[in-house]
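Order as written gives the chain letters A, B, C, D, E and F; numbering starts at 1 within each chain.
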Amino acid sequence: MSRPITLFTGQWADLPFEEVARLAGEWGFDGLEIACWGDHLDPQRVVEDDSYLQGKLDILEKHQLSVHAIANHLTGQAVCDDPIDERHRDILSPAVWGDGEPEGVRQRAAEAMKTTARAAARLGVKTVTGFTGSSIWKCVAMFPPASDAMIERGYQDFADRWNPILDVFDEVGVRFALEVHPSEIAYDYWTAKRTLEAIGPRESFGLNFDPSHFIWQDLDPVMFLQDFADKIFHVHVKESVRQLNGRNGRLGSHLPWADPRRGWDFVTAGHGDVNWEPIFRTLNAIGYEGPTSIEWEDAGMDRMVGAPQALRMVRELAAIRPPAAAFDAAFATR
Amino acid sequence: MSRPITLFTGQWADLPFEEVARLAGEWGFDGLEIACWGDHLDPQRVVEDDSYLQGKLDILEKHQLSVHAIANHLTGQAVCDDPIDERHRDILSPAVWGDGEPEGVRQRAAEAMKTTARAAARLGVKTVTGFTGSSIWKCVAMFPPASDAMIERGYQDFADRWNPILDVFDEVGVRFALEVHPSEIAYDYWTAKRTLEAIGPRESFGLNFDPSHFIWQDLDPVMFLQDFADKIFHVHVKESVRQLNGRNGRLGSHLPWADPRRGWDFVTAGHGDVNWEPIFRTLNAIGYEGPTSIEWEDAGMDRMVGAPQALRMVRELAAIRPPAAAFDAAFATR
Amino acid sequence: MSRPITLFTGQWADLPFEEVARLAGEWGFDGLEIACWGDHLDPQRVVEDDSYLQGKLDILEKHQLSVHAIANHLTGQAVCDDPIDERHRDILSPAVWGDGEPEGVRQRAAEAMKTTARAAARLGVKTVTGFTGSSIWKCVAMFPPASDAMIERGYQDFADRWNPILDVFDEVGVRFALEVHPSEIAYDYWTAKRTLEAIGPRESFGLNFDPSHFIWQDLDPVMFLQDFADKIFHVHVKESVRQLNGRNGRLGSHLPWADPRRGWDFVTAGHGDVNWEPIFRTLNAIGYEGPTSIEWEDAGMDRMVGAPQALRMVRELAAIRPPAAAFDAAFATR
Amino acid sequence: MSRPITLFTGQWADLPFEEVARLAGEWGFDGLEIACWGDHLDPQRVVEDDSYLQGKLDILEKHQLSVHAIANHLTGQAVCDDPIDERHRDILSPAVWGDGEPEGVRQRAAEAMKTTARAAARLGVKTVTGFTGSSIWKCVAMFPPASDAMIERGYQDFADRWNPILDVFDEVGVRFALEVHPSEIAYDYWTAKRTLEAIGPRESFGLNFDPSHFIWQDLDPVMFLQDFADKIFHVHVKESVRQLNGRNGRLGSHLPWADPRRGWDFVTAGHGDVNWEPIFRTLNAIGYEGPTSIEWEDAGMDRMVGAPQALRMVRELAAIRPPAAAFDAAFATR
Amino acid sequence: MSRPITLFTGQWADLPFEEVARLAGEWGFDGLEIACWGDHLDPQRVVEDDSYLQGKLDILEKHQLSVHAIANHLTGQAVCDDPIDERHRDILSPAVWGDGEPEGVRQRAAEAMKTTARAAARLGVKTVTGFTGSSIWKCVAMFPPASDAMIERGYQDFADRWNPILDVFDEVGVRFALEVHPSEIAYDYWTAKRTLEAIGPRESFGLNFDPSHFIWQDLDPVMFLQDFADKIFHVHVKESVRQLNGRNGRLGSHLPWADPRRGWDFVTAGHGDVNWEPIFRTLNAIGYEGPTSIEWEDAGMDRMVGAPQALRMVRELAAIRPPAAAFDAAFATR
Amino acid sequence: MSRPITLFTGQWADLPFEEVARLAGEWGFDGLEIACWGDHLDPQRVVEDDSYLQGKLDILEKHQLSVHAIANHLTGQAVCDDPIDERHRDILSPAVWGDGEPEGVRQRAAEAMKTTARAAARLGVKTVTGFTGSSIWKCVAMFPPASDAMIERGYQDFADRWNPILDVFDEVGVRFALEVHPSEIAYDYWTAKRTLEAIGPRESFGLNFDPSHFIWQDLDPVMFLQDFADKIFHVHVKESVRQLNGRNGRLGSHLPWADPRRGWDFVTAGHGDVNWEPIFRTLNAIGYEGPTSIEWEDAGMDRMVGAPQALRMVRELAAIRPPAAAFDAAFATR
């Protein structure tokens, strides 16, 4: 199937996997991008336990859902992060967190990402989406100043920690799609460019395009797609809205989601400032045929309302596909 | 003198203080906002050594310069920061850095800020400008998510560390003006508001208004002045420019200053996106009569060219003062 | 019922009340905001005549409509206006207009507003929406100049005339919601603020939020909701569109509605420049649970087409309500 | 029927006319604007061959379609163009192209336009839409410079070639509606004005309003409708989208349709930057009661999807018609 | 002299005329637009008293100032206004105000305007600038609604009252230039158009162009100049600034000048939102050769600073005049 | 000398060369970009006649002017253009025009460009600026449609005609800088890209950057400089202004320069919409050290006023050069 519409299960991991599969099936999704947390998917068990694997496949089949990618953002985040603190403890599995000593956490996270690649392969899935973490995110905007050397070390640290992981991806024929996202080694256009340079030309490393993070940074999603066309491995349909009024700031003011004092917020796809049609037309133009995966996140709206709404929007956008023959033909006399 | 125009010496601390004083005097500045680094001002010596103090005063007198504020951003930064790392080592005095163990650094920095208050008093200066640092800056935008409790603890940590410092400010009759600035506990409108709530109604705590940090966050400097009118203790005339084009991002992409790929940059006042005239008219309206202190920072321009240019601009703006009598009088018949 | 969707009957008063009720019921409205003109509601008779009152209640019940507010804009307008002229004659009841002597008209209008409060109470309704008029509206923009004293007298006149009226509202436990609107004592953010100061902290006096009047004055409806959150007593869903092209002016050029040379016009909700979703999200955030009352006004569209369209839009917006549990839960491991 | 919604068959002329009529009928169009190319309509045969004419009328009747205009853009283009080259050869009928000698082509095209007028009359149609060509289009923007005299000669050439054609239109009681369009003698507001002056006040010459050409030239469609109200003979519902990002240019870069590097592109009506509602409200205000004819052109979307979508949009817009009575009546007391 | 730069003395009438002339002369103005209030110019005495007239001419000659227009805004305002109240009393001469009975005031004001025409003629001045007042300004934006008949009566009242005045202007060969301005019968583009229709094609009636009133109404000054080119009798160089932030409103909130909460304010020319260069280029294009008269009004700036600043700006703009020969000549080979 | 400021003499060729040199010298220009028309420079004579050459050098020396580039736009234009018509006749030398037969004109123009390269070499100049013409410009925007093959042939025709010319440039060590400009083979970002691909990687072929042509096409000059950094061979300081108001169109409406109805116009540098400071900062960033050549063109302003004004602006911009040492040094403690 070309350009399947999937549901990213990350924001549904408080529900049992089977329940999410049932909902997605009923709403009419084509498939799932399964999150490796909650009870949705444990890569370790996929690798070790055939019956666990079969159980997952059975659920998918029962609800007529395909799977094109699995997601392991939470574990990936810990691979490069510095500092490692309570925020990581709250999202990592006990096995990866262990005693919480930072370097140990990072190394266990790296191993877990290798396992994720192997699990993907066993599931017959070609893409793992996720985060990388970053040792230099804390230098963003901007004091005390970081030296060029420190920035350079940050990219190098990323390459050093991820190249061995990607070797495993290569081995098993799976690709890693980094979600370009604040807090990651690549969070915008130029950091994506430098990240790709840092890791070098590896076929197993590409990007998960998610315009919700571009909108509030004032990045143009279409230019990004055009210029990184051959590295777009996966697409998230997720959205954000700018709420600027001279008082609300771009950086969010440490305020919780859904607080109207934030300068921006995540909202259900179709409710924000992403201009989706040019994005889908550009996906056509660059020949992207992978999943368009709805990542629902909207603290001001119930997901049971928002998710099927977003699906309807993507179905309409998906109908915009170029015709076989050009209309110029209609003018031709010879 | 009302509304003196001063030069902030922070970006000139590689030059000897006397040289900076000579330049400022020649260019026509009214006074200096002296930085507590380089050889410009050592608060410890001001407090301990009368002849050191007199030497500084002599230099100022020689160049006909007044002093209305001293600045200790570098030390203040270490009071709350977490992590404390090489970036701090590079800007702190050896005495404050010591062995670099984070909590020790923070406590020595706090003591040094108390000394700064005492030094200001000895100099006859009513205002210390500076930074506070922040234990929660690293949670900005945005992963892993920070709990509300963690955010709350960040503000509390700030209050716990700064209240004892401010007690000394109260004792000696000096005010601390926090520069609202990314990386600090207050970096925008709402964080400034919450910071003031966290510290409570202390007369010794207020804000250093610097619109260069607001421009790229899309904050309205005039609204800020209006709503925090009674807490504007000091004003920096510093500027930034937005360089957005769909590729350059708001967060700077870890790129060095003066790189045209940055989404924004600092530039000589008068060369960027700050709309100064409404700011100066609002300073009139709210009755601000303190210094307007030129903080020059522009990696693409020589400071020997930029600083006197900025001074000329501020002199012109300073000529915008309301008349004694309203023009309506001209229409009156009785 | 929380957040009922009602139809304001003011623009339908040429039709019999029963006919409007029938239409509203068929279209699916939850209730009515009944106008005190046409045959829709005569406050005097409600107070005096039990069978009249019961007749109205019977009609509402028959069409399964609730009533949460009654509206008396036309009479309220005459309480403070100066001049009083033919425009008032055309909209006032003969009893209030009487001989048309201005001060007499004003006093009879004030008495009629007290009666309106009593009628509301008898109907079991907690809110009366309406206008106040203004003796200083004629000083708007801007010649001959009005003295500060004249402006001050305008606010004082408002307070003097409305405080006795509000005493009756207090007595009967009903609130008056002033529609912030050009021609009224409060027509924008700062006049709303000063109006609230002039009347003092009375529980019975608040605001009817109607963003259609804000759009063409370039006011931000969301900031208004945030800053006057505790005074939002009622909400009109009404809309306007800016039609600016360098020739059309903000002030309307004395041109009739639906003339494309006007700088702005009222249009059916959903057809103009109001950005409704942030308004509804902010209503959620500030905890407003009163009516969202559709005020249809669009000289270029038939109301039989426009009203049900607007209702559909509000139903969709009403579906945006925050979930019981935050999605962060989905990421938690402990 | 007032304001019928028709389908312009120009971009469907690769399909047999009967097939297009069948589709249009099924989708619910009111009628067709029939293109004089493909097998859709041959003016010569209409004039000469009663059975051919009847065959067309039968097809229309069978699918319950009316016809209000016929279109002969391709032939009209050759009347004034200079140079005449392979681009014309590809769109002209062999009879008009002949040996391709430019002046001969122009004269045969002029004769064919007279025949088109006669064919329209025989079909009972009052309007022919089309192009004029231009001998001075090549002088647009801008080197080598054209003299004022050369520009003047261009308008005169247009008048000289079209006045005899329009004499035939007058004779048979048909009007020519020039589509204001780049490449034509009138392509924007001021060239439309000068074109009307050049041709003089002829009742048979007016304009085909098509906002898709205005959007990327930054022209305001509503001002155009207002100022040329009495010359709006026909309306195309066609749309374009601006795709500007600092790299894409207004002039299209010689890139093919649907290439995201173009500065603008044609898209299905409802998918671009035309703000249709003010246009339809202005059509109401100026009393236009002719066809709104959907010209579908979108190289990134299948016409079988796009055309019925556009029809749905126009049906909704068509519901915006002013009511018989003004709502002010609802406020009146006498 | 072509395009003289004059100072409008209206906002200086609290100073003696001789003092204003001295200042204007020293600053380098070419002439004065003399206000008919304060001691600047009393039309009655000009008409009656040769020595008074000569005294004024002597002062002008002494300071090498010409006079091209006299201004009588204050008296003109009372001709049509309704209501007439204390605001008029405060600006009218006691003779015109009399007992303050409205209709008597209006008639005396009309007579005084005839006298002003005669005074202009005696001074050798071709233009009187001023206001007309308006009986329908109070109907602006917008409740209670005014009937079309009432609006029509307002324009008729203007024509009825001003035609006899203009007869005197015709008699003495002087023109009246109405300043298009809120509160007047013409305050924007469409009201200017209708005002000209109401008064009919009289050579003695035209407009005083002042873009400061257009800016905050979002009118395009250049389009106005283009479309009313033959009626531009006089030009004011006056400026305003928009101060919109979502809280400040377009209508000024009844706030005093220089209050930053106003949505707009008058500022010294060169300090606001008027884009002067296209205006001066358009004055060139339409062949306007009358005065450019600086009307200084800025409650936030001293006029002794502002007026000479504005003069410098206009001198620079005045240097933008087309060359005798076109540069195309430079490319010509024959 | 680094970054010399020169005057392009193209728009001054109606004056004798010596007169232009005198003016440029007096105004303080560093040098000239000499146009190969008027009597300014005849390449043929430079090649053939030593005394002619010496005469030119003597004039330059007398006025202390350097020369860094010569310009031959008029001849270059004819190399690829189609059609060749009276517009070319008016700007070509009689020798190149000959009998005006198009192909002959093109070939003589090509030969003349080779001669221009040789003349540049003899003058010691490394750069020839100019135009190429284009056989496909006439296909811009957009009817009748051009086939992809026709576009492809246009680029090929350019390569075929210019490669032999560039061979001569290579031989004599001179570079050709094509001014990216409507009417040329490269007129925007993407056509510049394709032009460079068509000609292949030749060191002798690059671009003359002139932002005046980018502004009205909505191209970002800074992105252009960044992305074509190594091909920026020459820089024109020339400016244009957008004059859009809903009636004026992007394409100029065939109206003459200085007509305010044009959608854009050329104006003296410093008077339009080019944002020069980021351009000069980017020239610093990309290491461009060639001339910044003022091309004055402004039909609404006298060149004797405009040229020295533009020079003053460029001198100020030229003062923006990065300092030797970074200001970060000022914060360092070690």
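Just so it is clear, a residue touches a chain if its C-beta (ideal position, glycine included) is under 8 Å from a C-beta of that chain, and two chains touch if they have at least 3 such contacts.
Values in this document were obtained by computation on a predicted structure and should not be read as measured data.
**Student:** Keeping to the contact definition above, tell me which chains border both chain B and chain C.
**Tutor:** Touching chain B and chain C alike, sorted by label: A, D, E, F.
**Student:** Pick from C-F, B-E or A-E: which interface has over half of its contact pairs in common with B-F?
**Tutor:** Selected pair, repeating B-F: B-E.
**Student:** Select the chain at the greatest separation from chain B, using centres from the mean of Cα atoms.
**Tutor:** Of all the other chains, the one whose centre lies farthest from chain B is D.
**Student:** Does B-E or D-F have the larger number of C-beta pairs in contact?
**Tutor:** Most C-beta pairs in contact, of the two: D-F.
**Student:** Using each chain's Cα centroid, which is most distant from the centroid of chain A?
**Tutor:** E
**Student:** Could you please state the distance in Å, as a whole number, between where the Cα atoms of chain C are centred and where those of chain E are centred?
**Tutor:** 39
**Student:** Taking each chain's centre as the mean of its CA atoms, how far is chain E from chain F in angstrom?
**Tutor:** Here the centre of chain F sits 46 Å away from the centre of chain E.
**Student:** Mind pulling the chain F residues that touch 2 or more other chains?
**Tutor:** 74, 90-91, 144-145, 220, 223, 245-247, 261, 331
**Student:** Chain B touches which residues of chain E in the complex?
**Tutor:** For chain E paired with chain B, touching residues are 10-14, 37-38, 74, 89-94, 241, 243, 245, 247, 257-261, 271, 297-303, 305.
**Student:** Help me check something: in the complex, which residues belonging to chain C touch chain A?
**Tutor:** 220, 222-223, 226, 277-278, 281-282, 284-285, 319-323, 325-327, 329-334
**Student:** Would you mind writing out the residues of chain B in touch with chain D in their complex?
**Tutor:** So the residues of chain B in touch with chain D come to 245-246.
**Student:** List the residues on chain C that touch chain E in their complex, please.
**Tutor:** 74, 77, 82-83, 86-88, 90-91, 131, 136-148, 150-151, 154, 181-184, 187-191, 194, 216-220, 223, 227, 244, 246-256, 261, 263
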